[in-house]
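Working notes, beginning with the structure itself.
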Amino acid sequence: MSNYTYLKEAVYEANMEIPREQLAIATFGNVSGVDRAAGVMAIKPSGVPYHRLRVEDIVVLDLNNVVVEGTMRPSSDTKTHALLYRSFAGIGGVCHTHSTYAVAWAQALLPIPNLGTTHADHLTVAVPVTDVMSDEMILRDYETETGHQILDLFSRGSLNPEEVEMVLVACHGPFTWGKDPAKAVYNSVVLEEIAKMAYLTLQLNPAATAIKQSLCDKHYFRKHGKDAYYGQGC
Amino acid sequence: MSNYTYLKEAVYEANMEIPREQLAIATFGNVSGVDRAAGVMAIKPSGVPYHRLRVEDIVVLDLNNVVVEGTMRPSSDTKTHALLYRSFAGIGGVCHTHSTYAVAWAQALLPIPNLGTTHADHLTVAVPVTDVMSDEMILRDYETETGHQILDLFSRGSLNPEEVEMVLVACHGPFTWGKDPAKAVYNSVVLEEIAKMAYLTLQLNPAATAIKQSLCDKHYFRKHGKDAYYGQGC
Amino acid sequence: MSNYTYLKEAVYEANMEIPREQLAIATFGNVSGVDRAAGVMAIKPSGVPYHRLRVEDIVVLDLNNVVVEGTMRPSSDTKTHALLYRSFAGIGGVCHTHSTYAVAWAQALLPIPNLGTTHADHLTVAVPVTDVMSDEMILRDYETETGHQILDLFSRGSLNPEEVEMVLVACHGPFTWGKDPAKAVYNSVVLEEIAKMAYLTLQLNPAATAIKQSLCDKHYFRKHGKDAYYGQGC
Amino acid sequence: MSNYTYLKEAVYEANMEIPREQLAIATFGNVSGVDRAAGVMAIKPSGVPYHRLRVEDIVVLDLNNVVVEGTMRPSSDTKTHALLYRSFAGIGGVCHTHSTYAVAWAQALLPIPNLGTTHADHLTVAVPVTDVMSDEMILRDYETETGHQILDLFSRGSLNPEEVEMVLVACHGPFTWGKDPAKAVYNSVVLEEIAKMAYLTLQLNPAATAIKQSLCDKHYFRKHGKDAYYGQGC
């Protein structure tokens, strides 16, 4: 019997959204969740196709990457997830995919500009993109350093990870997070959609500019914060 | 028991077309319908995923946004729908989505030119795009003002809302309408398709120009008006 | 009882391929078939959604557009189909759709260049595009004149309709044909795919040029003619 | 009874992945597998639609293209597959498709640059593209010469077919291979995805450059070779 059944089920369900939402082919994505009281995270095992994944395959680790439960090898990106949990105290789930349009922006080394209300409903700034990692960092502890690239970017840009729940890692692809695993993968769905919308917008009009601040704030704050009136308030 | 079962069922069915036709991810769309004799409109509740939506969740309001029936909060875009019903006497349904190509045109701040017969089968002019809203309007009563942006555009352009059943709201996305909720969502499907066709056409040939008037009229009037011969005449 | 059950069933089945192959949204496509011995053609009724279409709805007409069997109004494009049957003696089915990429080329007023073997497997020349129709022709007998535009194009270009089974009508979209209704709709599927491939190729490399003649001929003649060795020879 | 049931089943299953993964329309793809101990290969019969394909239709041949078992004509591309098996001793399956984005690159006569980690997870170099075949080769023995174009390209570029399991044949489309038929078709799925990602990246940023060598190697070697730590190590 597992002590982490609830967490493993939540992580399993969130991972299964990846193929359903066509966020990645093959095994190119992974979702994790954290139980802060228990001091553990749960994550997809490495290289297992989604259609073969079972709840009992989900690997449980402490936040220093030591396996607590499970017989399979955890996702090769586990250290990135772990660092995000250690650094962003308010998040409960992390999702990494290779969704097509988000990867294109990451490979183009360009942030995704905030061009409209679909984007502004979720964040008020461009989706940031990290620098390309230095050779030293790549050779040292690659997956942990991937997390540091994200942390440095958020620190330098004074970005709040509870307001900006998505990032592009240069030459690689998106990481998203949220209050739980389901919200993390939801943010990956949103990111892929706004990545596609921004791509098409700039193909139509290369001079398209960011949404004006007042309209951006209106949309963001009708969905977030104490005066939000979108949704059912729960 | 509801006095508005028929209306709520029609609105429910039309909303369920949004995910079936891939017009929006998540909850990014809403359809309403009006019963002019009863003086009420019905609309999707705010933020409810389509796969959880039930007929009984549909909210009924009068045309001044006062809830008449239903326990859920109505769509955050309800005031826009209501203003359209108050102003466009001939329409019976309104649909708002964030469909990808239509949003791209709205974010590019460009009307969709009428480049061929697929477009001309439905309207004889470009799909119009509103101005970007002023800061004053955004701060005042945003959703009602979104409706006013549409009304002003139609007024200035002398557009007949029974002939032009679709519009792009700048930096935001499409609104469409029609004689009933099903026709409103049908128009959103058509709009997304002509938005994609026009995008591809201009990528192939940036000098592509609008369809000639005689061909445009031929297609429009074989489907609309007293001499129409498309369809089964009912 | 119908005397044309076989023909109506074949036409029904071919029409149902249109939504399955995503060749058109809504009702934007129609397939017909001809029984030359009986002197009749059968075609989809106008404006009927595919999911409501039944075999008994298929309309049978003689080749001068007089209804022989059926209570519904035939496709508004019937006269175009009929003229093609009267003029192209070797064809047994015709398909018209508004498939997205083929329409884009038609709206761009550009023939689809033969850029590779997928195209050359089916025809050795560019997919031709008609001129834009004159105002006189549009006002006279639009659907018959659409057929004349196709015939004139094939005549001027010395194109053999049994070798070139597809055409783009300017500002409108594709017509394809073949030995029977199933082959006609198959050619629409192929056309949409080569239209997309050519679009992407030219976006990647605007200087891309047509496939060399020897490679084109090799591919065409391994599938067609007396020395063909593709398929099972039946 | 067949002596090659296992091989035919594996080849059948891999071929059925082509429509499932939308790698080709109609019949535009074929997968084969080899049993090196038995000295035979098995391949899809020519021109048979996937939904009609049965295990017993798979054709078994020796590596000189002589049919050993089966009543149907093998794929017209059989000689290309056979030459690859004779020349690349380490491969067990070959897949050829006309997947849309890979074909676009092949028609553009451009290698697919290695722009990010999705690509680098699978190979460290650009996906190579052959020269256009000479008229002499086309007329001589086209399908065998297609194989020679691939071999020459790998020889000139000092490419190892166990490290670079994919190639674009100019003006034609992709061939991929792997340790077995399933891996060969998996590589076609990956190729189509990286072809699309690279297309989008260059549309966004025409100046995008290849991934840096250290990052490329990190991703490749965490999945391949003796120090790999991706997957479950089996």
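Lettered A, B, C and D in written order, each chain numbered from 1.
Operating definition for what follows: contacts are C-beta pairs under 8 Å (C-beta built on N, C-alpha and C of every residue); 3 or more make two chains touch, one makes a residue touch a chain.
Values in this document were obtained by computation on a predicted structure and should not be read as measured data.
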{"item": "Target chain C, source chain A, minimum contact steps", "value": "2"}
{"item": "Interface numbering overlap (same over half, different under half) for chain A and chain B", "value": "different"}
{"item": "Distance from chain D to chain B - Cα centre to Cα centre, in angstrom", "value": "46"}
{"item": "Between chain D and chain C, distance of the C-alpha-averaged centres to the nearest whole Å", "value": "33"}
{"item": "Touching two or more other chains - residues of chain B", "value": "203"}
{"item": "Interchain contacts, given as pairs of chains that touch", "value": "A-B, A-D, B-C, C-D"}
{"item": "Complex contact set, residues of chain D against chain C", "value": "25-26, 28, 45-48, 72-73, 76, 98, 100-101, 103-110, 132-133, 135, 138-139, 142, 171-173, 199, 202-203"}
{"item": "Residues on chain B engaged by chain C in the complex (per definition of touch)", "value": "115-118, 121, 186, 189-190, 193, 196-198, 200-201, 203-205, 208, 211-212, 214-215, 218, 222, 229-233"}
